[in-house]
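Written out below as structure tokens is the structure these notes cover.
Letters A, B, C, D and E mark the chains as written, and numbering starts fresh at 1 in each.
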Amino acid sequence: MLSLFLLLPFLGIIALNLPVKGRRDAAAFLYTLSLSIGQAIVVLFNPGDFWAKPDFWGGFFNLGLYADNLTFVMLLSIGIVVSTAVCVGWQTISDHRQRLNFYNLVLIALIGMNGTVMLTDIFSLYVFLEVTAISSFILIAFHRDLNALEGAFKYIVLSALATVLMLTSIAALLLFSGGTSFAAVSAAVKSNSGNVIVIIAVSLFICGLFIKGGLVPFHGWLPAAYSAAPAAVSILLAGIVTKVAGIYVLIRLVRDVFGPISEISSVLMLVGTFSIIVGALAALKQDNFKKILAYSSISQVGYIVLGLGCGSPLGIAGAIFHLFNHSIFKSLLFVNSAAVEKQTGSTDITKMGGLGSRMPYSNATNLIAIFSTSGIPPMAGFWSKLVIIMALWQMGHFTYAAIAILVSVITLAYLLAIQRKVFFGILPQELKHIKEAGIWIVIPAVTLAIIIIGTGLCFPLLFKSFLMPVSSFFK
Amino acid sequence: MDNQLILLLIVLVPTVGSFVLPVLNCVSVKARNLFALLFVLTSFVLTLAILPVVFSGQTITANFYSLTLHADGLAIFMALVSSSLSAIIVFYSFGYISHYENQNEYYLMVVLFFGAMMGLVFAGNLIFLYLFWEITAITSWRLIGFFREKQHVLRADKAFLVTMFGSVMMLLGFVSIYYQNGTYDLAALKGSQIPNIAVILILAGILSKSATLPLHTWLPDAGVAPSPVTALLHAALLVKIGVYVFARLFIATGFVIDPSWHTIIPIIAATSALVSAGAAMLETDLKRIIAYSTVSQIGFIFLGLSIGNEIGVVGAMLYILMHGMAKGGLFLCAGIVEQNTKTKNIMQLGGLIKTMPVTAVSFLLCSFSVMGIPPFGGFFSKYMVMTAATQKGQVWISFVFLAGAIMTIVYLLRVFNLVFMGQSKTQPVKEGSPVMIISVALLAALSLAGGILIYYPSHFLQITLLQLPGIIR
Amino acid sequence: MVINIIILIALVTAALWTAMTTRLLRSAVGLAITSAILSILIFRLASPIAAVFELSVCAGLIFAIFIISITVTQRVTPEAFETRKKERMTKFWPLPIIVIIAAVVLTQIHFQTTFNLPAQTTPNDVKIILWNLRHLDLLGQIVILLTGAFGVVILFKEWKNG
Amino acid sequence: MNANMLLLPVIIPLLAGILILLVRRLRGIISLLATGSILIIAIALFKQQLTYSLPWLGFGIDFNLRLYPFSAFILLSITALSFLVMLYSCSFMQGKNYLNQFYAYFLITIGLASGAVLADNLVLMLFFWEGLLITLFGFIAIGGKDAFKTATKMFIIVGVSDLCMMIGIGIVWYLTGTMTISTLNVPLNTLGCTAFVLMMIGAIAKGGSMPFHTWIPDAAIDAPLPFMAILPGCLEKLLGIYLLVRITMDMFKLTPGSLLSSLLMIIGAVTIVLAVMMALIQKDYKKLLSYHAISQVGYMILGIGTCLPAGIIGGLFHMINNALYKNCLFLTAGSVEKQTGTTNLNKLGGLWSKMPVTAVCFLITAASISGVPPFNGFFSKEMIYGAALERGTIFYIAALLGSFLTAASFLKLGHAVYFGKRNQENENTRESSLPMLIPMIVIAAVCVFFGLYNRFAVSYFLEPVLAGQEFTEHTSTLLIALTVIVLIVAILHHIIGAIVNGSGVKAADHIHHAPVLSGIYDRAEKRFFDPYEIGLKIVSIASNILFFLDRAVDWIYDGFTVKLAYGLSGAIKRLNTGNYSLYIIWSLLGGLIILILMFKGFGS
Amino acid sequence: MVNDMSQLFWMCSIAGFLVFIIGIYGLLVTFNLIRAIIGLELLTKSVTLFLILAGYVTGQTGLAQALAITLIVIEVVVIAIAVGIVLCVFRHNRTIDAQLLRNIKG
């Protein structure tokens, strides 16, 4: 029944664009919201056996989807982040037609992401990555202001480069595999290990994913795209799109397809560490709220890749968990930036101050997100970072562990700078009248904050049942 | 009631209760204040309730899912000290904080801080210890940055970052211990051998939290906080957290470490005591001086703990108690002075004893306790830690600390002289509000009582000693 | 083999011309020519349907898109054109050299490999593969086309404020 | 006798003191009752041997009290003298400020002093001993305007010495494993010597010897007079010398001729001479006396430092004598101050006829302190001379010189106050009231008694202290003759000086203005040699260095780290030029590097 | 035969690589946004060539063609969106100079 995750949004798009009179944007909003929330809830509460059932139309329409725990974590994150973006979009986009377009594109992105996390074919992977990417291009350029266009164009160029690299790699793998399914490719890579072309193919694919995921030094497009995109789109992009397109695929391929190759591990750890450091340092001196968050994304993605590169089950579990956490807390941060942007009309944090007293919910939730990002207990981010660091230590990568954990101090530094400049400090005269941004921003913010804290507090249960059974963790 | 449940309640009542306070504010301000005090007192009373059990030489261990709580004499002692002091400080804030905005946040953070402190004190697992450790960091960050001026928030951030730096190092240390021994559980870690790198890492955390050289300068800068906060943070609880964790890990759990640490840590402590004493001598900001003094005194506590023999440990624990009361009193007095004169610069103050006699006398008495003059409690603790050093044959260290003690006397008298004696340089000021002066007088009286009734805490700690395998006998 | 090599050289030359020509329009034409040559090559590589697609879509549709956009945007005065020409000369002269050097170096490498494939399990027919086996790709294509439509709607919609 | 009785001398005054602080009424009566009752207890306890013990701090630190001949004797002296001074102050302090504080401090002081004497545990002793700091502090601080500065000075000086003692005690514990004084026997190795020096510092600082003396003259001006009478005048000497004797005799067992013994003697000799030199030029009744209070302690230290039984007995005898006559001298000063309102020698004169009783008391005690036979001071000094001569002529000469100058300065003082020309303002001066006269008379009488029956005093009170050690006097006729000659020279010197310089006050001015001495004197008056000032300077310099260190550490966070991070951040920022070509180049370079790494077999 | 196939593969790979270089170079050096898109187009061309080549060499022409067709379809949409964005930029700036597209830096 996994195909429902693709077909329902698809049918929704078609239905929403039928020439019917009335508030189609409200319908679109409700549909998208319920779909994304439903996705999250269904994944969270329904055990996997329902999804293992074959589609009843499987006879003539076979999509060949597949789901494991990693997929479910991703589906959950996608559901949460998309619903968040949907809510924020309702609040920040005022024009009716624009709203409708926005929801259509969000549905397309949803299809793209859901497809990406469920498929088992390396070429379909490309197709759905492109679905996600193209909808993202349009979403970034949604308001057609110059910065957004610039961001979108850079994204297109770099994304195209990534695509070319990945396709070249697919072509090269095709030489050995005889098919494009994960199983075939995996078998081909295993049986031809050491072959020059295979190594090149794997490297190129990983490079392409690095570009998609925005890891240093492949990250050039990311700050521009994130900071120029409309508020709701930034949430989507930072929260989930690049994570699915870059990081999920990386995890999937490295874990399931390419297998544990020590060179890949080393490269991943190197790039991950590099991203952690550069992202955090770059964020330190920014004045733009969203740009700080963008660089922060780079840095946090570095943690995920570092955990992945560690290669041990614990490391991969940590990476997945951090991926989930990152999508939550980064969405929350972007929600708050959206609230601030909406109310002040700017993302320049030097011009703000003292908003905490006027926007108490944003203030409080932002704090929670900051702590989660910096890895301060009892927020969720702490546990995932802890698992990653434990994994690194376990494998003997002491230096990486030390760097990873020390950079969280820098992380805290730049995030505290946001909090200090935006929410604390003295309220400027021209911002005296400011209010909370609106119900559809507050609700997702509070929900996400609750998720962060809930995940943090329930971590022991969660880790045992959901991510991986490491019973001796607390002993 | 079940002892284990009591243990859980001690931690949970303030921790969870703190989040109820902003809600209570909707009912009435008085209710909120009252409940804040009540939550703290509940912990205090409950701790007293399990005191007899521990007094009879037993320990209590409680397991709730992964949360392991463990109560031995050391923990009970620390819990009693911090809860009683917190109660006084919360009481004092009724008077002090009532003039300012963000009171909800204040009470939430104070009570949450206290709850986290209780959690940390009773934590039986390294990870949960770290968890509560960081909650205290968060709350203290908010408390330091209570006033929203840029400078204040910046200082708060600095404090947060420096302690965070230390704590992540400590976390690395914990992880390395985990892989050394395969467990985070303190009971299972008893008496395990700890590599030097882990000691360094853990020490970084402890030093940063306890504001010891070279990670100490956040503490004087944190003096921008409202006074009860600084009292709470600096004197009573926050800086003691690091010391307590040191005791918890290296003495109560009895990590076996390289013997050279018993020389190295006293050297660090001595340097810290001296450097900060020198700084206290030259500072002109009242709260900064007291903060530096705190840094200096923490050195003494570390001396006792790191020497690690019986008298040293007992002395250090007594030091925590006595210094908590006395330094808390000093900060609260400084708070009264600051609030009534609107300045913290001691050069602009003078002659306040005429109009603020209670404050002045309390300040003086608390100073005596900090200096270590009998019959105040500070005398015994100071004597015991210094003797601990000589007892181990490290006479030269006690000489360094002698210099520190001398400087303590000099700078505290200097402060008293400048602030309370001499010509009045400010507008005529009134004595603080009754709630506030009762608090400071109470702390001064407690400092005195601590000395006169020294038998009881000392006796209790000697019972506790049996539970501490890490003592060097 | 010789024909193949000639076609390859033509392909590279066309691409080079596309990149180096001063006029934008010529560049678009060059791209179309490259596509056409490529489709010949694809045809020769036993892929006729793909070749047709390449020819019609890339040499046709994309060429049209470029022509339209160029006519919308192209407003170059003769002086500006002259300066741009000089610029191109200075900026692009390394390209042919790089290409030639790369070509020479790479052709000197004696590449030898054999491709031992696992047994063929799927029918080697493009129609069956496309329509019967790759439903997911088809769905993706449909969605992408839909996206393109939305993109056109959003990006080309009338400009409200000028 | 019930051992609990031992607690009473400690507890009664303490409780009475607290009561006075709280009640604020009937303070005189309460004080007298309290001091009187402990005096009776002390008399009752005299010649008893008692011990008392309570659990206290643990680690062998128990609340041990022990009464044996020595402590009983000191206790008796303390209680008796304090009772007398209390009687005196009831009258003297009338109309002064902070009265209940004064009485409370007085009583608490007595309680603590008793405790220190009785304590049989080093820490307990230190507890009482150091506790005195606070009452001392309070005593001085209530004195007047600048009194707080003096109080601070006292606090720091005495506090430092007490801290030294703290470490000394720690070392003793380390060396012997016990802190019970009666069982201590510390080996005199290097560490033992250190411990001795530290304990000695505590003892002699309490006694007011050089170089820990400088607060005493200041306090003489600022503090209430009964304070001077009871504390620097007598209690502190009793305590300090008591402890000094304990450590030299019992705990460390110094041998004559050892280095430490010589050190003590040098300190004693220097104190005698320098302090009395300063006393000679003073123009204030109380200040002059205060310098003598310092000078006299030199004799005691000198005597004890000889480590000969005779010297120790001499020192002890001198201690008790000094407690008596110095107390009485201060009381006469108080009497004069009370009646005339001043203690400035230039404004006084010719009070002989107006205040005859006071004058007589002064004469007796002045003669006593100058060592005029047959008063008590003479005999104790003779014993010290004898012992000192046995250890070295130089010490003897110093002691003799001190004797000469003492006599000279008291001649000057007596001349200036009681004889000579009467000041106009003092025409209406009358004799003091009876409560003030009684203590003076009693003490003066005791002085005479101790002088006439010196053998009795020594054998009854002091010889038990030696606990069986053989005690031989070293006095010879020659020494007595020398002493007498010195006294005569002093009188002659005074007469000549008074004639030459014009008046009694200026009788010693030629010494003051002597070529080399005048410069030294000037600097001394400006506190050039004050160890306290020097110490503060050192502390201040050290603080500056330390503060610099602290700022340097702070700079690492506030300056260095921030600059470094922002510098790196700026560099990264500059790399992001906004040009997508650059981003492509990065990506390609990154890809290239990854390819190379993959081929190099990186990490495997 | 194998040798022949291998040689063809190598030659076509070289050609594809050269086209790739040309495309990248054009993308990097030009300041004209449309030229940049043409550069992208050239990159795609090389990839198409690789795919078809892989299919030809391994005998899986059916699969390769299916992939190439999908690729071409997607390529068109990407190019259309890119051109749309360029035209939007042109409406803003009245020029398609890539140098003006450097507002977001740092």
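Convention: a contact is a pair of C-beta atoms (placed from the backbone, for glycine too) under 8 Å apart; a residue touches a chain by one contact, two chains touch by 3 or more.
These numbers come from a predicted model, not from an experiment.
With steps allowed only between chains in touch, the distance from subunit B over to subunit E comes to 2.
Both subunit A and subunit E are touched by C, D.
Taking the mean of each chain's C-alpha atoms, the chain closest to the overall C-alpha centroid is B. Simply put, of A-D and C-E, more C-beta pairs touch at C-E. Ranked by distance of CA centroids from subunit D, the top chain is C. The geometric centre of subunit A is 42 Å away from that of subunit B, both derived from CA atoms.
A separation of 32 Å divides the Cα centre of subunit A from that of subunit C. Centroids of subunit B and subunit D (each the mean of its C-alpha atoms) stand 36 Å apart.
A separation of 71 Å divides the Cα centre of subunit B from that of subunit C.
Across the assembly, subunit A contributes residues 123, 127, 130, 134, 137-138, 141, 144, 150, 153, 157, 161, 175, 178-179, 223-224, 286, 413 that each touch 2 or more other chains. Contacts with at least two other chains are made by residues 573, 576, 578, 580, 584 of subunit D. Not a single residue position of subunit B touches two or more of the other chains.
Interface note: chains touch in the pairs A-B, A-C, A-D, A-E, B-D, C-E, D-E.
The part of subunit B that touches subunit D in the complex is made up of residues 158, 162, 213-214, 216-218, 274-279, 281-282, 292, 310-311, 314, 368, 371-375, 379-380, 382-384, 386-387, 389-391, 393, 395, 398-399, 402, 405-407, 409-410, 413, 417, 421-422, 454-455, 458-459, 462. Of all the residues in subunit A, the ones that touch subunit B in their complex are 354, 356-357, 371, 374-378, 382, 386, 389-390, 393-394, 401-402, 405-406, 408-409, 412-413, 416-417, 420, 424-426, 460-461, 472, 474-475. Taken together, the subunit A residues at the contact with subunit C in this complex read 6, 10, 13, 61-65, 101, 104-105, 108, 111-112, 115, 119, 121, 123-124, 127-128, 130-131, 134-135, 137-138, 141-142, 144, 175-179, 184, 187-188, 197. By the touch criterion stated above, subunit E contacts subunit C in their complex at residues 2-4, 6-15, 17-19, 21-23, 25-26, 29, 32, 34-35, 37-39, 41-42, 45, 48-49, 52-53, 55-66, 68-70, 72-77, 79-81, 83-88, 90-91, 95-96. Of all residues in subunit D, only 573-574, 576-581, 584-585, 588 touch subunit E in the complex they form.
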